[in-house]
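Same chain, two partners: chain A is paired with chain B first, then with chain C.
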Partner chain A sequence: MRLSKSLLVAALASAFALPAAAQQITGAGATFPAPVYAKWGEAAKAAIGIELNYQAIGSGGGQNQIFNRTVDFGASDAPVDADKLVANKLLQFPAVMGAVVPIINLPGIGADQVKLTGDLIAQIYLGKVTKWNDPKIVALNAGVTLPNLAIAPVYRADGSGTTFVFTSYLSVANADWKSGIGAGSSVKWAAGNGAKGNDGVAATVRQVKGGIGYVENAYATQNKLTTTQLRNKAGNFVKPTLAAFSEAAASGDWKGAKNYAVDLIDTAGASSWPIVSATFILLPTDPKDPARSANVMKFFDWAYKNGADIAKGLEYIALPTAVQDAVRASWKSDIKG
Partner chain B sequence: MSATLSHRGPARDAVVANALSRRRQRVNFLVEALCLLATFVGLAFLALILATLLYLGFSGLSASVFTTITKPPGSHGGLLNAIIGSLIQTALGTAIGTPIGLLVGTYLSEYARGSLLGEAVRFVSDVLLSAPSILIGLFVYTVMVSPFGGFSGWAGAVALAVIVIPIVVRTTEDMLRLIPVALREAAVALGAPKWKSIVFICYRAALDGIATGVLLAIARIAGETAPLLFTSLGNLNWSLSLTQPMSSLPVTIYQYAGSAFDDWVQLAWVGALLITFGVLALNVLARIVLRPRT
Partner chain C sequence: MTQTVAAPAPSRRPIGDLAFEILATAAGVLVLALLGAIIVSLFIGGLPAFRQFGVGFLTSADWDPVQQVFGAVVPIYGTIITSILALLMAVPVAFGIAFWLTELAPTWLRRPVGTAVELLAAVPSIIYGMWGFFIIVPFMGDYIQPVLIDWLGDLPLIGFLFQGPPFGTGIFTAALILAVMVIPFIAATMRDVFQTVPPVFKESAYGLGCTTWEVMRSIVIPYTSTSVVGGIMLGLGRALGETMAVTFVIGNTNRISTSLFGPGNTIASLVALEFPESPAGSLKLASLLALGFLLFVISFIVLAISRLLLRKGKVA
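Moving on to the complex of A and B:
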């Protein structure tokens, strides 16, 4: 009785100790950047008194919610089409960049030992390469003993920004993929099995010997999943490291990108990781509550200035300064105050 | 093939009777064994679930779970805002749904016996009782969240109330129907108007059963995730405002259990443990309330 009473007192005390005057903003969307938004939110609350409530409901959900204006901002990994942005009166700007990595499950094989190419992964997901000791894989992996094991491809069954990024890469790497299946948040897969969410893909790959899947990099790092090397545009095999992600991010053509929908897939840098993407924020240009929209901009302004280290700690890449300034200019010109 | 008794009866045909008896005993033994096996399989799953829950839930249980709010991975967060949010929305949902359910149940039992409208209302209520809760969430999203332009604690409470209503309707009607007609006739014979006989005679006699129905409804909504996903959304921060998105235990569990971070997964188990114990306590309470008074 006494214990529960003291717990209650403690709960109430901590409840009232929190700043009551903090301003709340609500965002919803992509799961891919959710960890970094959560960390930014915690730091920004202390620094500038804005409380971010970010709910990771998926990129498609984030787009729909901001179309319906049920949240202050939406978040999406896949950029929204230009005409849709106009029709829904939205400004799209990038928040942060991150990478997608392939994960595999082969007995006795550790992280980044196996080398793969985008073309080969596309053939695996097309059902054309079905064994781990296929000559095409063996040719890339001298010195690694690949077992005579069936390849079990795993894909996201739910609509996902990660799938959009991954299939964009396969479309660049393989002409058959581009013409037959293409890029999208959910596509008509030719081979393999579906699993829900990054956790579902990871769990399935972990359980099935010979499995291959793709997840957000933060997910692979946190769960110590077996990643692979990939061959980039320059022809070099690279490991999924922050340095390789950063090089890819730096070589993006931001100036030529409309609505900041920059293409960071298979960029030219010598040690660039080939599957890198920006993730986007969608903000109404005609906010019904300008004060809340102003707080959203204040939050991301703070995150651009002070959030790079937090992003790095979670293996995301902050935007180049020039892009940050361009976004700030867009806020001024496009959002009605 | 089968041993059957002759018309002379068992006493005169001992051999056949014995064979029949043995066969019956064998069948009886077999069926009993199968029943026991089925019971053990069912209980084993329940025991496994509970054991996993206790093992993983208690290992993460600490005072900070109740004193700190949800935080980003690695920042030693708790579940305070989720617990309070769940309590608020469950209480509001019950407060909105119970009176409506009670009145509808009374109407069905006392006023609409045999009427076509009554049959229709009962049918709709039963359909609602088995409607997937995600549909209820979607419904409230369409009528409340979308038009009013935002997720809110109110929307979550209304979605839960919609689940409460048919449960309370059903139990109220069933409990009132159990009351003997003679009791009502006695009230009328003493000159009591109908409303008095319902409120002071029938409600009083059926109070235990109705209260149990309400408790079971609370136990049901306390663990609902689907109706809250589209309505109260969830909130990472401390907020008691009903016009803002509100946190809740089931939604937090849903998000944390599938996350990449060990401390979040651990908190999801703690949350599951809290809900399980809360619902268990309600069920025990319902049993005690329902116990016949001596």
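Moving on to the complex of A and C:
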């Protein structure tokens, strides 16, 4: 009895000792970058002894948590309004960028064979284009035999940053979409079926012949889904490749963007992928515990310097060096130490 | 109270008795307090939505997070219609299981089958959801729905119930999964109460020359009707509030579709899906809490109706 008690005490002590050895930081929010944060967290724990406890509860939840200061940092896919940042004393900076890709299920048609435009995808999701052999789709796809099959649009039923990015793109591409539906983490869909999560959308598209959906690129690559080409602003059809994402990221107007809320949707580069977005970190400018906030900055500083390969492996895009330096300058000037 | 005071040792009751009475009373009051606290907090949380939209919240089918317009008709409709359909499918099957287990099954089979039914009740709903999504949805989409749409879709009067593309998901599939989920609850309750009928009643009926079915109809069911309805209500309660399994298979759209194969939404699944992206203090969060309050109201109405039905049955 006494032995087991002392064992228990030892076990408890060691359990409490662990987090003290590796300094823990907590964050919550966006699901879109969660895979890359997880990998960065593992690598940073080994490299600089900072352990990241990140909960992918959704961008809205992440904002709530940091407004209430229950976590060290919040994460959001949609940039937060400037006045909200001021009111809640938050610094917003980008962590990493990612792309959203359309996925389809057409018998006998492989990846990147079908060409689509943002305008057409908007019309599909508005319920105006309902057949795969619609003349508008056929006109773009000379040489591809499109079946006489009903289009079954699939969307994210749960509120998500991926939906925010995708509907932002549709709003740019189609005026009816912009005025009738708009951009948001969940919107009033006019046609189709909802599924939960990236995996739900992917599985539904896989199950329904004629299905079309959208997922973040990392998910499409890992699961070898049938993606499509898209026409970009320059008028070229591009395949969803890392090079196309990086060009989009580089052609964003970082200098003109307030609070780093850069718009990477439908950028002008000749081979830019049109649906790319940055995802953001929210850090208090008046931290309760400056040491923890310092660790958050240390973590992202490390991730900027050393995390690019990890990001690339998961098909995310690292920030341009100039932006990284600008963020570091903001940390120095805005966060009270 | 007065009786215990008048008992032989009047001056002081044993301390254990008193403590037990206090604990038991506290447990009972706790239920009421919890229930009241949940209802009140849901109502207060949902108040901004009720204020903003008024009665319109109950009559509008619009759910547009971008324009900040929220109406509850679609999820309310979906919740009620899937639950009713599920009960229509589940009650006859559950009755069959209970009837077979108490009257017809060979004795050595009763125990294993009864245990199997109880085990089914313990399966977590996410498992039903995944099973529904990966097995039932493709099956419905490939085999059941196209055939029914072909056969029945063009009929006058009822044709509209069976139209639309065969996605595999939708109201009907959701109701089917719900039915499978509530069958064990209803069947287990029915079996238990059927076993409470005193054998002498049944034996007398058999002695008069009744068939098994006649005994069931005239002796067992009247004797147990209250508990049978109670069991059905237990199932209905689970169907109304079921979240994960429904979310997987219902198609999650905020539009009312007349077709049974069309997609829809339920209160519980809408709340679960939208909650993570609802900032504190937003109208959307208020609307979701208001929906939660409405689910409470619906459950309460259902319970009240069932009580009413029972009372009527007793008078007649």
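Points worth noting:
What we mean here is this: the second predicted complex is superposed on the first by the 317 of 337 C-alpha atoms of A that agree within 3 Å, B and C clash if a C-alpha of one lies under 4 Å from a C-alpha of the other, contacts with A are read in each partner's own complex, and residues count from 1 in each chain.
Just so we're on the same page, a residue touches a chain if its C-beta (ideal position, glycine included) is under 8 Å from a C-beta of that chain, and two chains touch if they have at least 3 such contacts.
Quick caveat, the model's predicted, so the values are computed rather than measured.
Clashing of chain B with chain C is the outcome of superposition onto chain A. Residue contacts after overlaying the shared chain place A:183 against chain C, while chain B stays out of touching range. Applying the stated contact rule after C-alpha superposition, one finds that A:198 touches chain B and leaves chain C untouched. After overlaying the two complexes on the shared chain, residue contacts for A:68 are found with chain B and with chain C alike. Of the two partner chains, neither chain B nor chain C is touched by A:172.
Looking at the shared chain after the overlay, A:159 reaches chain C, while chain B stays out of its contact range.
Contacts of A:150 after superposition on the shared chain: chain C is touched, whereas chain B is not. After overlaying the two complexes on the shared chain, residue contacts for A:60 are found with chain C alone; chain B is out of touch. In the superposed model, A:208 makes contact with chain C only, not with chain B.
Comparing 2-10, 20-28 or 164-172 from chain C against chain B in the aligned model shows that the clashing stretch is 20-28. Note: residues 57, 68, 200 of chain A belong to the chain B contact set and to the chain C contact set alike, using the contact criterion stated above. Taken together, the chain A residues at the contact with chain B in this complex read 7, 10-11, 14-15, 18, 22, 24, 26, 28, 35, 38-39, 41-42, 45, 51-57, 68-71, 197-200, 218-219, 222-223, 288.
Considering their complex, residues 62-67, 133-134, 137-138, 141, 165, 167-169, 247-248, 251-254, 263, 273-274, 276-280, 282 of chain C touch chain A. Across the complex, chain A meets chain C through its residues 57-61, 63-64, 67-68, 150, 152, 157-160, 181-189, 192-196, 200, 203-204, 207-208. Of all residues in chain B, those touching chain A in their complex are 63, 66-69, 71-73, 75, 80, 84, 145-146, 149-151, 229, 233-239, 244-245, 255, 258-262.
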